[in-house]
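Below you'll find a set of structures to go through.
Shared chain: chain A. Partners: chain B in the first complex, chain C in the second.
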Partner chain A sequence: MFSEFFQFTFSGITLGAIYALVALGFTLIYNASHVINFAQGEFLMIGGMGTVVLMDAGVPIYFAIPLAIAMAGVAGILLHRLAIAPAKNADVVTLIIITIGASIFLRGLAQVFWGKEYHALPNFSATESISLGGATLLTQSLWILGIAAVLVTALGLFFTRTALGKALLATSMNKDAASLMGIKTSAILMMAFGISAVIGAAAGVIVAPITLTSYDIGIMLGLKGFIAAAIGGLGSSTGAILGGLLLGLAEAYTAGYISSDYKDAVPFVIILAILFFLPNGLLGSRAVERV
Partner chain B sequence: MKRTLKQLAAGAVTALGLTLATVPAQAADTIRIGSFLSVTGPASFLGDPELKTLELYIDKINERGGVLGKQLELIHYDDAGDASKARTFANRLLRQDRVDLIVGGSTTGATMAAVPLIQQAGVPFISLAGAETITTPVKKWVFKTPQSDRQAARRILMDMEERGLTKIGLISGTGGFGASGRNVTKEEAGNFGIEIVADETYNPKDTDTTAQLTRIRNTDGVQAILNFDFGQGPAIVTRNYAQLGIDLPFYQSHGVASDSFLELAGDAAEGLRLPASALLVADKLPESDPQYEVLNRYKSDYESRYDESVSTFGAYAYDGLQLAIQAINKAGGTDKAKVRDALESIDGAVGVTGTYRMSAEDHMGLDAESFRILQVEDGDWALTE
Partner chain C sequence: MNATLSTPAAPRSEQRSRAFDDGATPGERADGGAGPIAEGDTPLLDLKGIRTGYGRIEALHGLDVAIHPGETVALVGANGAGKSTLLRVISGLQPLTAGTVTFDGEDLNRRKAADRVHRGIVQVPEGRQVFAGLSVEDNLMLGAFSRRRDKGVADDLEAMYRRFPILKEKRRLHAGNLSGGQQQMLAMGRALMAKPRLLLLDEPSMGLAPLIIEEIFAIITELKREGITIFVVEQNASEALAIADRGYVLETGDIVATGSGEALLNDESVKAAYLGG
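And then the complex of A and B:
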C-alpha cells in the first residue's frame, strides 16, 4: 500500500523534475521580452541530439556535452539575430509566432541532418536506481532536481545581484526607458536568447538518459514545460519548479490511482483551473494594466 | 530546299514508324511490374528497403534471362507516405503505364487508398502493409505478404500457454499500432485459456510508465506482462520494468523486433521475449530449417549490394516479388485473371517472412508459426525452443 504510494510519488518526481527543468528555460526570455519562446523545446533537442551525434563522431562524452550546449547557445543567438531582431517593432504575439516558425525549421534541419532515430544517453551515475521503502527512484531524477535547484539559485542571483540581470529586468519593464538609461536593449535580448538556449540544451542532455532523445523530442517536452511554467507563473523560476513538480505528480497519481487512460487530460484540467482562479499562475507577478 | 524538305519528311515518317513499331513491341517483350512505395517521408524506413529489394532482384532476374523469356520492367512512384498520392500513382500505373501487376503500398493508408481503383481495374496487387483490413474480408485482386498483428498476438499467447502462464497484465500505447494490438490480444486471449487481469495504456510520447507497471505488478495473480507497441515507447517500458525490478516473464510485440530497440533498451531488455521474423536470427538457425537457405541468400544479396543491414520490411518486398514471379510462371503469361488465380493457389512457397499457403479465404497465407519466439540473451537475439 505504502510502497505503491511511494512508487507513484517517485514516478511523479521523475516526470516533474523533467518538466520543471524545461519550464526554467522559458523564464529568461519571458522576463526579457514577454515573448514565450516556443523554440525552447528545440534547444533541448539540440542539446540531446547534438551530444549523441558528436559521440557517434568519436568525441568523448565530457567534450560532447559542452560542445552540444555551446552549439545550442549559438543557435539561440542566431535565432535572435536572424528572426527576432529584424522584427523588432512587431508586437509580442507576432514574435511568438516567429518562434513557432523557428521551432519547425530547427526540427526540420535536425530531421534531415541528424536522422529520425531515437537515441539513448548513458546515466550520469553508475547506479541506475535506488530503493526506498519498497519503491525505486532513478538516480538521474536526483541529478535533474539538483541541477534545477542550482539553476534556480543562479538565476535568482543573476536577476537581483548583477547589473546585467537588472538591465534585463529593466528592459522587460520598459524598453524605451531602459534604452534611455543607456542599456543596449538589443544586446540584452540577444543574451537572453543565448542563455535560455544554453539552459534548454543542458536540460536536454540531463533528461535524455530517461526520456531518450530524437529530432522531435522538443514538441512534447516543450509543451509540457510550457504548461508547467504557466502553472507556476510565467517568469518565476521557483514557480517553474513548483509547476513542473505539481504537473508530474498529478500525472503519476492519475495514472496510478484512477486510470492511465485519463492521465493526459490532467495537465489540461489543471491549467484550466489555475488560469481561471489565478490568471498569473501560482507565483506569477500580478500584472498592472496602465491605462 | 525541296530536297531537304523531302528528306526531313522522310526522316519524320521513319521516326514515327519506328516509335509506332517500338512501343507495342516493348510492351509485349517485357513484364511490367508497377509499384508505389513510401521511399521518402515518415514511412521511409519501410519504403526505402522495399524499393532497394525490388531493384536488386529485378536486376538479378533480368541478368539470368528474365521470366518466361521476357525481361522484367519496374515502374515505380514514391508516394512519400501520403495516401492521396498513392491513389494518384495507382491510377497512373493502371491507366497510363498499363502494368501487368502491382507489388507495393508500404503503409496501410497507401494500400487502402489504392485498393478500390485496383479492384475496379482488375489487376493483381500484392500489398506490403500490415493491417488485417487489407485482406479481411477477402478482396478478389488484393493479396499481402506481411503477417497481421493478430498472428503476432497468437504467437505470443501460444508461447505463454506452453509455459503455463494463464494470467497476464497488458500494457499498450494509445497510438494506432498499440491500440490495435491491444484489441486483438484481448480477442485472442480466451482461445489460449489466458486471462488479461490488468490492462494499462500510455501515450506513445510518454517518458515514464512506472505508475502503470506498478499497478500491474500489484494486481493479484498476474504471472507475465505483455507490452504491445512500437517506436520508443516499448524501450521506456522496458527500462522502467528493469528499474522496478519486476521479475515476471516479460513479452514485447513484433513491433520492436529490431537491433535499434536493443540499443535503446540496453541491459534492461535482457531476458524478454518477442515474436519476430526469422531474418533476425538467420545465421543462428539450424541448416535443416526450411527457411535457412532463402533467409541467408536474401541477407547476403542485400548486404553485399547496399552495405547496410537487411530489414524485415525489405523482406516483404522480396516475398511479394517472388510470389508474383511464381504466379506468372504458373499462369504461363501475364493474363491478369490467370495470374490472380495462380496467386490464390500458391501453396507452400517458402519466403523470408514465412511459408505462404494462399487460398480463396486467405489472401495473406501466413500462420502464427511464421513468427519465431526470440529471447534477448547477452544483448543479442537468441532462438527459444
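And then the complex of A and C:
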C-alpha cells in the first residue's frame, strides 16, 4: 500500500520535474516579452530527436546530447531573429500566433528530415532500475531530478547574481526604462529565447529514455508545460516549478489509482479549475504595485 | 544630500554664463525658436527641426533646442505640450519624422536608445519608473549597466549611498516599497550611476509633496554645481526656471519663448500662462 503510494509519488515528481522545466521556458519568454511561446514544446523535440539523429550518425551520446541542445538554442535564437523580431510592433496575440506557426513549421521539418518513427534513447546509467522500500525506481528518474535541480539552480543564480540576468528582469518589468539603462532589450529578448530553448531541449533529452521521442512529442509536452506555468501563475519561476510538480503528481496519482486512460485529461481538468477559481494562478501577481 | 559624488566635475565656463546672460530680453517671443548661441561655443546637444508624432497626430512641429556643456536648461509647458515626447526623442525611444539630433558633434539619428546611454545621454523618466520588483541596490547597479565592466562602479555605489543615505538604509527593499520621493531619489541615483554627460530629467517633481519637491530641486542644484549638463522638463515652471541658466517654453509642439531662466520667470505672458499669474 505504502510502497505503491511511494512509487506513484516518485514517478509523479519525475514527470513534474520535466513539466517544471518546460514551464520555466514558457515563463522566461513570457516575462521578457509577454509572449506565450507555443513553439516551446518543439525545443524538447529538437533536443530528443536531435540526439537520436546524431547518435545514428555515429556521434557518441556524450557529444550528441550537448550538440542537440546547442542546436535547439540556435533554433530558439533564430525563432526570435526571423519570426519574432521582424514583427516588432505587432501586438502580443499576433506574436503568439507566430509562435504557433513556427511550431508547426519546426514539427514539419522534423517529420520530413528525421522521419515519423518513435525512437528510444538509452538510459544514462547502465543499471535501469533499483528497488527502494518495495518500490522500483528508474535510475533515469534520478538523472532527471538531478539535472532539473542543476538547471533550476543555475537559472536562479543567473537571475540573482549576474548583470545580464537582472537586465532581463528589468526588461520584463519595464522595457522603456530598461532601454534608458543602456540595456539592448532586443538582444535580451533573443537571449531569453536562446535560454528557454536550451532548458526545453535539456528536458527533451533527459525524458527521452523514459517516454520515447518522436517528431510530435512537442505538442503534448508543450501544452502540459504551459498548463504547469499557468497553474503557477504565468511569470513566476517558483510558480512554474510548483505547477510542474503539482501537475506531475496529479497525473501519476490519476494513472495509478484511477486509470491511466484519464492521465492526459488531468492537466486540462486542472487548468479549467484554475481558470475558474484562481485566474492568476497560485503565485501570479494580483495587481501592479505602484506607489 | 551634502556629500559630493565622484562624478568628474567639469569646471563651469565663465565665458559661457556670460554669453547667456545677455540672451533674450524679457517678453521676447522667439521666432525661430532657437536659443541664444554664443560664437565658437559648440552645443553638447543640438536638436534641429525636430518633428515627431503618434500615428497621424504630430506632437512636435519642427523645433530647435541647443544645450551647451555645463548648462542647466529647463523646458516648461503645460500637460500635453510635448515635453516628455521631446525627451523620448533625445533618448531614442521616440522615432523622428524629420530633424536631427546631434550629440557632441555626432549625428544620433540612427543610434538606438541603449547606444545613446553608452554615449552619456541618461534620462530619469517621467513617473520615476524604478524597477519595482528589484531591490534598491539592484536598481542602482542597473543604472551602471552601460559601464558594468568598469572597476569604479563599486566606489560609485558607495558615493551614491553617501549622497542618498536613505537609499543605503533601504537597499535590500524592493524599489516598489519606497515612497514617491524616495523613488525619485532612486531614479536619479540610478541615472547618475551611468555617469551622464547629459542628464535628462522628466518631471522630477511630479506627484510629490512640496517639502520633497524642495529637496529634489536642492539635489538638482547640487548636480548643477558639480558641472553636470542638465535638461529638465517641468510643469512646475517656477521651480525649474529658478534653477535653470536658460529656459524654453513649449506650447502644443512649438517653442514659443526662450531666454535666461530669470528672464522667463519675469516674463508677463509666461507668468500668466504657467506661473499662476
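By our rule, the second predicted complex is superposed on the first by the 283 of 291 C-alpha atoms of A that agree within 3 Å, B and C clash if a C-alpha of one lies under 4 Å from a C-alpha of the other, contacts with A are read in each partner's own complex, and residues count from 1 in each chain.
Here is the rule we use: a contact is a pair of C-beta atoms (placed from the backbone, for glycine too) under 8 Å apart; a residue touches a chain by one contact, two chains touch by 3 or more.
For clarity, every value in this text was computed on a predicted model and none was experimentally measured.
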Checklist entry - When the two structures are superposed on chain A, do chain B and chain C clash or fit side by side? => result fit
Item to check | First, second, both or neither for A:8, with chain B first and chain C second | outcome: first
Checklist entry - Looking at the overlay, what does A:199 touch: chain B (first), chain C (second), both, or neither? => result neither
Checklist entry - With the two structures laid over each other on chain A, which partner does A:231 touch: chain B (first), chain C (second), both, or neither? => result neither
Item to check | Partner chain in contact with A:22 - chain B first, chain C second, else both or neither | outcome: neither
Next on the checklist: Once chain A of both complexes is superposed, is A:179 in touch with chain B (first), chain C (second), both, or neither?
Outcome noted: second
Next on the checklist: I'd like to know which partner A:138 touches here: chain B for first, chain C for second, both or neither.
Outcome noted: first
Next on the checklist: According to the stated criteria, A:169 is in contact with first (chain B), second (chain C), both, or neither; which is it?
Outcome noted: second
Checklist entry - In the superposed model, does chain B or chain C contact more residues of chain A? => result B
Checklist entry - With the two structures laid over each other on chain A, which partner does A:117 touch: chain B (first), chain C (second), both, or neither? => result first
Next on the checklist: I'd like to know which partner A:98 touches here: chain B for first, chain C for second, both or neither.
Outcome noted: neither
Checklist entry - Once both structures are aligned on chain A, how many angstrom separate the closest C-alpha atoms of chain B and chain C? => result 38
Checklist entry - Do any residues of chain A touch both chain B and chain C, and if so, which are they? => result none
Checklist entry - Inside the complex, what are the residues of chain A that reach chain B? => result 4, 7-8, 10-12, 14-15, 18, 116-120, 128-129, 131, 135-136, 138, 207, 210-212, 214, 219-221, 252-253, 255-256, 260-261, 263-264
Item to check | chain B to chain A touching residues, read off their complex | outcome: 42, 45, 174, 200-203, 205, 207-208, 210-212, 214-215, 218, 231-232, 235-236, 242-245, 260, 263-264, 266
Checklist entry - Along chain C, where are the residues that touch chain A in the complex? => result 91-93, 112-114, 117-118, 122-123, 125, 129-134, 138, 141-143, 145-146, 148, 176-180, 183, 190, 194
Checklist entry - Can you list the residues on chain A that touch chain C in the complex? => result 163, 166-167, 169-170, 173-174, 176-185, 288-291
